[in-house]
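Just dropping this structure here.
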Amino acid sequence: MPGSSIGTKFRVTTWGESHGPAIGAVIQGCPPNLKLTEKDIQREINRRKPAKSSKISTTRREEDKVKILSGVFENRTTGTPISLIIENKDVRSKDYAKIKNVYRPGHADYTYDLKYGIRDYRGGGRASGRETLSRVMAGAIAKKILKEKAKTEIFGHTIQVGNIKADKFNKSYIEKNELRCADKEKTKKMLNLIEKIRKEGDSIGAIIEIIVKRPPKGLGDPVFNKLDAQLAASMMSIGAVKGVEIGTGFKSAEMKGSENNDQITIKKGKITPLSNNCGGILGGISTGQDIVIRLAIKPVPSISKKLQTVTNKGKNTTVQTIGRHDTCLAPRIIPVAESMAAIVLADKLL
Amino acid sequence: MPGSSIGTKFRVTTWGESHGPAIGAVIQGCPPNLKLTEKDIQREINRRKPAKSSKISTTRREEDKVKILSGVFENRTTGTPISLIIENKDVRSKDYAKIKNVYRPGHADYTYDLKYGIRDYRGGGRASGRETLSRVMAGAIAKKILKEKAKTEIFGHTIQVGNIKADKFNKSYIEKNELRCADKEKTKKMLNLIEKIRKEGDSIGAIIEIIVKRPPKGLGDPVFNKLDAQLAASMMSIGAVKGVEIGTGFKSAEMKGSENNDQITIKKGKITPLSNNCGGILGGISTGQDIVIRLAIKPVPSISKKLQTVTNKGKNTTVQTIGRHDTCLAPRIIPVAESMAAIVLADKLL
Amino acid sequence: MPGSSIGTKFRVTTWGESHGPAIGAVIQGCPPNLKLTEKDIQREINRRKPAKSSKISTTRREEDKVKILSGVFENRTTGTPISLIIENKDVRSKDYAKIKNVYRPGHADYTYDLKYGIRDYRGGGRASGRETLSRVMAGAIAKKILKEKAKTEIFGHTIQVGNIKADKFNKSYIEKNELRCADKEKTKKMLNLIEKIRKEGDSIGAIIEIIVKRPPKGLGDPVFNKLDAQLAASMMSIGAVKGVEIGTGFKSAEMKGSENNDQITIKKGKITPLSNNCGGILGGISTGQDIVIRLAIKPVPSISKKLQTVTNKGKNTTVQTIGRHDTCLAPRIIPVAESMAAIVLADKLL
Amino acid sequence: MPGSSIGTKFRVTTWGESHGPAIGAVIQGCPPNLKLTEKDIQREINRRKPAKSSKISTTRREEDKVKILSGVFENRTTGTPISLIIENKDVRSKDYAKIKNVYRPGHADYTYDLKYGIRDYRGGGRASGRETLSRVMAGAIAKKILKEKAKTEIFGHTIQVGNIKADKFNKSYIEKNELRCADKEKTKKMLNLIEKIRKEGDSIGAIIEIIVKRPPKGLGDPVFNKLDAQLAASMMSIGAVKGVEIGTGFKSAEMKGSENNDQITIKKGKITPLSNNCGGILGGISTGQDIVIRLAIKPVPSISKKLQTVTNKGKNTTVQTIGRHDTCLAPRIIPVAESMAAIVLADKLL
């Protein structure tokens, strides 16, 4: 089955290569009569851009201006497919000529060649992180649907970079720092670590947490399309994600049932769990509590250290990635992961 | 979208409640002319049964005898849907009368009521662990396909119970102990811990690892249907699983790109990665290396300790689960998780 | 994609061979809390049976007793998959031994061998008309949903057998005659023709019409999943159907726009079309008028006349079909076609 | 399920409104390493354009220049989604202001409002015939795949306009006349009829026939995804199509089994049917014979005769369609129907 579509009722189809003429998404199943302008989408696109003065991000500077080509009439959705497009402008394809025949370690170069027998090597082609632009375009619409229909809010924050873990949570600080970390003190330490790693010509991994406030209750389809299963797939489909956990996640291995079970009581006439170890999902169905997801982000594979590798002709060689790259992906992946959560939830809600 | 189907080309549809007349699966897309008898499936079904003399498992004793109702003619598959059925026999539904109106913490009782407004409360109904029988039936066929077409082998082992971690790996020991742990010494410690927990009327979590040896190369469909994404979904769809990681997984948060990237060399004329931090998947496509997946298994929610909860009428109450239950699910989930891996891989292979 | 499933929200998966142990269907997406007993389904199953004293139908006499295996609890649906099964009892497989290696003209023997390289030749195996039992089981549930949610009624009648065309319409007569024809006088003529054809050892084609009264308005998903497109597919998927038309259908080739366009007026404050040339569907979406579908039914390919054919080893031979077969399929296909319409409409409605 | 996608392995997603900025298609699952340039697609696009000097077609004159935005690298497909776009240029939206609130008989205006509560009324919006451009773009690629992999050729011709039926078949004449009719003499009569109808301010229906030469054998997935079922759906999804038949189609109602069954013999060592009444499909699977499909095309609903209708406020009114429209759609629908056949067959083949 072709892999560039996700969702059944709210279906997103994406297309585009890093150095092709444009990147886009087609959204089917968006409810009609929703107010929608390019601004709604541009706002989220801008959150995914590298921080302007950042030392942690790529220096590729794309304008990333989104255009709506269909499905919206007089600023309202019509229920027909919404086609969104962003042109690629700051393309320096010649930078990539030298890796044309080389498999960069940690990248999909080798596996794309294995599978397709051909690849657009310029900037990673379809396997580029730039592909996530389409996710954010679609996610912006999904977020809007969730907000209007259920007042649902989705946000993410960086909780670990290398071995530095955030332990305070100041929500309002998240969007004020380029790491999207909710712990001011640890943010500094994380940034110092990243700066050190960057100077080494290396990169570093991280953990991020995505929180869905006020999710609609009762979403999720047992047995195979459980909400947690589909969220896990959506998150793991993001290039750099190597682990997903919900609620207590891997910690639950060390817990007893009596600790991990969320006991329940009645508060003000309402069924109220006393804890949220389940992360807002029981039996694959949302309880209405916050949905809490944590993601392991691998270190960016593009580094300027010299690594041992091979050519597509089977010769040993080495490679250094000199292009324009991030040192730690966490802050830029947050809007992408939020978008994936929004897409899955909107699909289930509709 | 209805949730009891998985797969596109190799599509599995499951049905059945814990205390209904039977449990079953329909498999579409199985290649024709594959040798298949009930024995092939029964073997895997038997691996999922509780250990006979076990102190760690339920005392429900089901014969679990599988029958093939269609799709096989003279011991060969015909390419038409294969219908498999197992009758439920050791059903003691009256045990469940008292929880008819009570939401058991950690179970799906509340969310099923929320979603459907009705539930078959006997033994958890559709949300029972017994549902995984259907996965194992289908998985047995998927394993057979993978073995015949690609010599692929899939196995799992318990690597952690509570805070006890296995650190030796003796593959041949796995199927010789009721925990399916590859470390003989730690197995004893784990069993002692489980016995202690069982006497407390409690349960305990675990971590298991699934390893796919000799997976076909080039499987996986970027962007959203990456192999790791679909494996993650399939695993997270198992009731007790709360976390999934591939390769270095959450550890990659603390790693540098230079450490985590799998460098590549030529050995005997073949492209050979020097490590397997990626867990056999790059860019969502299998490299041909072992696929390595680890799963967090939450402690069984059914425990005999008294827990605070509510009725479906909104009254506070308490509940103790007295039925026949496991103390640690890890060994019985292993064949289920192997089956899910097999189903996903067979679907991608065909 | 495996072909034994239909529908997205109301999804039907069927299985079973003519001479295997049983035939069945799994229905996903049936709304919870619908009253449902085996009787509801048995009633429709009985309508598909050959008329007891009939000269036009097969003499295979199956009890066709349906059992519900899951998804229903205390006579109400629970929202989980409904598994239905009917055992095959009047099986005389040895009748078919002689056609084991022979391709019967007009049957799928040759194409099944071509596609699968193996076939269960007994009674046509999966390609047998007996497969339609599963459609009727599922259709019974779909009809119940439509009736309860929208008071929709679906019925069919025979409008042509050979060159004899019905031209009167007495609805109450339809279920009173074994041809399900609404024209009493022409029924006799049709029966006489069929009797004559039967004595010749031959069979005869027919046209049936399916009418959906009070269909829900607004069903259908442009562009490719238009209601008429999905109805056409569902009808053409019935073995003997070789043509489908909606509303004026093929007659519209000879019409002018000014004749064929359904003009509209306001009656009692309601938008009211002055005709129904569109057959209840405009732009792929139901208008709320009757949906009118006509189907061309080919003559039964199993006849006792000797026909020229070949063996699967490539030798010329002849074949006569001596088994127990119908002379004109029209009346038995009517409940099947009604079921297909119901399945498509229920899927769209939910 | 959103309706603007078709196919599983070769999946086409279309978007765009008649008077929006552009129309497009995204094609997933196209095999990698296929030579593909914009010219390959433009050629088919041009066949769909109205004949330049024609009296039978619309006078809207679109350049219809296709651009490839992704999935092709150095003139070869890469296996990633192919995004195609055509800008709308000759847009005269103000022509449509007066029908903003009026439901044109025979059009989808009323049903779109019913379903979505909003519609882009300019030129029919999404329900415009212009939508079929996307089908032709995708069909061009599907045709190329079929030609390269199986030497399959697909063509169509007009066999009836009003009551004038073609009875000669001169294949080379088809693309030489603006009606795409294979009978030179009847072409003149048809054109005269159309001219007469056009002067009356009216339109006329037609029947077209699509023939697939050298289709791959063994395509089609019983039970519900039979090749004829999916072809029927794909054809019926074209706006003006009201009937579909395969092989003998509706004529089979008057035939006996002994006439309609295609007897088989061995010629030059090959299994060879003596006739093709089945239209190349038996049991839902292609036999390898020509696939023959006939389609009823309703008269264009847009006519300049005054028709009775209502406004969206429920007032009686009349409407005349003055825009730029075709008198008989047959010749322009032929490339669209060929495209649909190609899309279905390519999906099945891959």
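Here the chain labels run A, B, C and D in written order, and each chain numbers its own residues starting at 1.
The rule we apply is simple: contacts are C-beta pairs under 8 Å (C-beta built on N, C-alpha and C of every residue); 3 or more make two chains touch, one makes a residue touch a chain.
This is a predicted model, so every value here is computed, not measured.
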{"item": "Over-half contact-pair match to A-B, picked out of the listed pairs A-D, C-D or B-C", "value": "C-D"}
{"item": "Centroid-based (C-alpha) most distant chain relative to subunit A", "value": "C"}
{"item": "Geometric centre distance via CA averages, subunit C-subunit B, whole Å", "value": "40"}
{"item": "Approximate Å spacing (C-alpha centroids) for the pair subunit C, subunit D", "value": "27"}
{"item": "Centroid distance [mean C-alpha coordinates] between subunit D and subunit B, Å", "value": "47"}
{"item": "Numbers and ranges of subunit D residues touching at least 2 other chains", "value": "1-5, 8-9, 14, 80, 115, 126, 222"}
{"item": "Parts of subunit A lying in touch with subunit B, wherever the complex brings them together", "value": "1-6, 8-9, 14, 103, 105-108, 110-112, 114-115, 126-127, 131, 160-163, 197, 200, 202-207, 217-218, 220-226, 228-237, 239, 242-266, 269, 271, 274, 278-279, 282-288, 296-303, 305, 307-310, 314-316"}
{"item": "Residue ranges of subunit B in contact with subunit C within the complex", "value": "1-5, 8-9, 11, 13-17, 20-24, 26, 28-29, 32-33, 67, 69-71, 73, 76-83, 85, 115-120, 125-126"}
